[in-house]
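The following pair of complexes shares a single chain, chain A, combined with chain B in the former and chain C in the latter.
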Partner chain A sequence: MTLHAPRHQFQDYDDFLEQAYAKGWTDGMPVVPPTPDKVQRFLDYLGMPPGELLGHVPTREVTVTAEHVAVNAVMAGCRAEYMPVVVAAVRGFLEEKSHIHSTSGSLMGPAHLLIVNGPIRTELEINCKLGVFGPGFRANATIGRAVRLVIRNVMRGIPGFLDRATYSTPSRYSYCIGENEEDSPWKPLHVERGFLPQDSTVTVFAVSETTIAGDDASRTPEGILDSLVMYTRRGGVTGDKWLGDNVNVIMVMGMEHMRYFAEAGWSKQQMRDYMYPKLKEPIRPGEMPIRLGKPEGILIVAAGGHGMADTHILHPHLAWAITKPVEPRRR
Partner chain B sequence: MRDAIELEWAGIPTVALIHKAMSGSANSMKRLSGVPDYPYAVLDYPHVPLAKWDPVEVREIARKLAPQIIERLTKPAGG
Partner chain C sequence: MTQHGALVTLDPTSGPLDRKDTRKLPERPDTLNGAVVGFVVNGLGKADALMDALYEELSNHAELAGRVKILKDDVSIPPKKEDFARIVSESTVAITGFGG
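So, the complex of A and B:
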């Protein structure tokens, strides 16, 4: 299984790093040298040949292979064990309705979120609790970064080239979380989307903006959901004819809000059924359109720590949330 | 931009209308598609790239773009 990437020679690490910056291979942060033996080790972990096709971006005349992903995962600082998650996420973003040409080129500069479910979360120590969106956790940081480096270095999503984000966002360095299945009273996201609890999956989603829906006054499920409806209507849920009825909004709920639903025995479906008709009421001044086509478009994810009585509402860019299985290693 | 290029490949004379603010990505798509010299019509400021244009501004934009569109559609290929 011969690697296909062009080979370069460097005097030492400093020389490599300066050249990596000069050639535009990085997101602005230092990268790990993708030496052939390390890239091969990452592929061997998967059991994938270097040329295995993961998908393509027709408008950019780009094909993405396992070797592309391995090179960028090494550069991002991943461990080989993270590769199955990175590959699943890349496959997800290459699905047609992930609309990667738009989400990585848009003026709005949406961020590329990964939500990991299933046993692989704990095996890889993917954080799903306190500080879930922030720095300090290698798996979250480097898996999300690897996907972004693939978007940059393989899919040509380079700022000023095809990435035309007017402001962009720090979430584009890395944006990977797990669902807190252990503390959640609900079915995990992947089970709601047709997988088994013992399956591991990655759900990918392009986030145009986040609304932090703070409500420390409500003490009932209905009160909290009314707040979520109000905040969601302000930010809106975009969509179009091509995306149809399957557009999504994601609500990431932490411990303080979640406990009211646990105590009252509310399921995610009950929450959706309560919110959906209120979200679909006619638009009022100061609100944005809600293009959701059905209650199931609202995805509720348990994550975050104790403390703030907030739920993070992740508004979509023009794409679906796509869930892909993390495939077992091929021996 | 890519849509216009693909329509041309399909034999359908096409003009892409691009705001000046988007010319960078339009040029990148031309390069990636192997047609770096493919022309397009340009809309410039004071018309902003993403906006709800009122009917008066729409007519003004049309007057500015129409000559470019006619030229692109009637100019001989390679001319």
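So, the complex of A and C:
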């Protein structure tokens, strides 16, 4: 299988790195040289031909191939074993309703979060517990970074060029978590969305902002959910409650809040049914309604560690949450 | 490119940023007199009211022949192909607004 990308020669790694910066190939951090051998190894791991089309961006006249993704995954510091997750994430990102404009061009500067579910999460050691949104975990850091480098290098989402984010966000370096399925009393996200527990998936979601809903006083499911409703209504885009129709909102719930629902035997659906009518109530006349079309639009994800009695509420930016299967390797 | 380089890598991009754009803007009319104005309303904020106000304002400056207004099904996705076809076939000029 022939690799199609143009080749460049450098004297050594230092020369490559300086040229990579000069050519605008990096996110500001050092990158791994995408040598043909290494890129080929990544593609061989998938069993995918270099020219396989993963999607396209019509407004940018760009097509995204497996080779593009492999090159950028190498640069991001991925292992070959991460490629199935990166490919699924890119496919999800390129779905129309995932709305790539949100995180590659818009003024507001949201970031697409990747949520990994299923067995591959533990196989690749994708963190879903303590420090889940933070640095220090290779799989989380490099899978998320690989997608961002694809956005930058292939989809031309370069700040000041097609990326016009006024402030942007550090989440654009990398934004990838797993769901803590082992400690959760609930069905995992991907099972709620129609997949089997033994399937592995990536859910892609454009996050406009995060509201940290802290409540260390409530001791009942209803009390905690009332707090979440209050914080959820408070967040989002002013005057345009959660830009986008039929969008989702994701609530990432850690150990401290989760245990009250486990003890009381509440399902995710019960939580949604409790919150939905409260979220839809107008606060005052003339206020724009939250554009959440149904209770199932609220996605609850178990992740994070012990300690803070918080739930992170991730407000959408125009996009729907898209869940894609992680395809098994083609041998 | 170094001819005797020791390290060979692949290019991570989809091509140069300054690639030639062969598309051209359509010809601009000299006047809006007799024109049917097309509007694509993206549904964000008060875009619908803004486009209506814009039409009224244009009406103060030219003898417009009418308007075609497309309301997108969902702010998250582009207009449908038939919406674009309608704008192209029924309007003389078209105005749209995007943001977010």
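FYI, the second predicted complex is superposed on the first by the 311 of 331 C-alpha atoms of A that agree within 3 Å, B and C clash if a C-alpha of one lies under 4 Å from a C-alpha of the other, contacts with A are read in each partner's own complex, and residues count from 1 in each chain.
The rule is short, and it goes like this: contacts are C-beta pairs under 8 Å (C-beta built on N, C-alpha and C of every residue); 3 or more make two chains touch, one makes a residue touch a chain.
Every value quoted in this text rests on a predicted model; they were computed, and no experiment measured them.
Student: After superposition on the shared chain, which partner residues are touched by A:R272: those of chain B (first), chain C (second), both, or neither?
Tutor: Neither partner.
Student: Tell me the contact category for A:W25 with respect to chain B and chain C: first, second, both or neither.
Tutor: second
Student: With the two complexes superposed on chain A, say which partner A:R156 touches: chain B (first), chain C (second), both, or neither.
Tutor: In the superposition, A:R156 touches chain B and chain C alike.
Student: Mind working out whether A:L107 is in touch with chain B, chain C, both or neither, as first, second, both or neither?
Tutor: In the superposition, A:L107 contacts both chain B and chain C.
Student: Report for A:R233: first if it touches chain B alone, second if chain C alone, otherwise both or neither.
Tutor: A:R233 contacts neither chain B nor chain C.
Student: Once the shared chain is lined up, is A:H99 touching chain B (first), chain C (second), both, or neither of them?
Tutor: After superposing on A, A:H99 lies in contact with chain C but is clear of chain B.
Student: One more residue to check, A:R164. First (chain B), second (chain C), both or neither?
Tutor: So A:R164 only meets chain B here.
Student: Is A:A319 touching the first partner chain B, the second partner chain C, both, or neither of them?
Tutor: A:A319: touches chain C, not chain B.
Student: Which of the two, chain B or chain C, is in touch with more residues of chain A?
Tutor: The larger set of chain A residues in touch belongs to C.
Student: Overlap the chain B and chain C contact sets on chain A and report the shared residues.
Tutor: On chain A, the overlap between the chain B and chain C contacts is residues 107, 156, 161.
Student: For the complex, give me every residue of chain C touching chain A.
Tutor: Listed in rising order, the residues of chain C that touch chain A are 1-14, 17, 43-45, 73-78, 99-100.
Student: Touching chain B in the complex: which residues of chain A?
Tutor: Interface residues on the chain A side: 59-61, 105, 107, 156, 160-162, 164.
Student: In their shared complex, at which residues does chain B touch chain A?
Tutor: 2, 22, 24-25, 28-29, 32-33, 49-50
Student: Chain C touches which residues of chain A in the complex?
Tutor: 3, 5-13, 15-16, 24-25, 33-36, 39, 62-64, 67-68, 71-72, 75, 96-97, 99, 101-102, 106-108, 149, 153-156, 158, 161, 239-240, 243-247, 317-320
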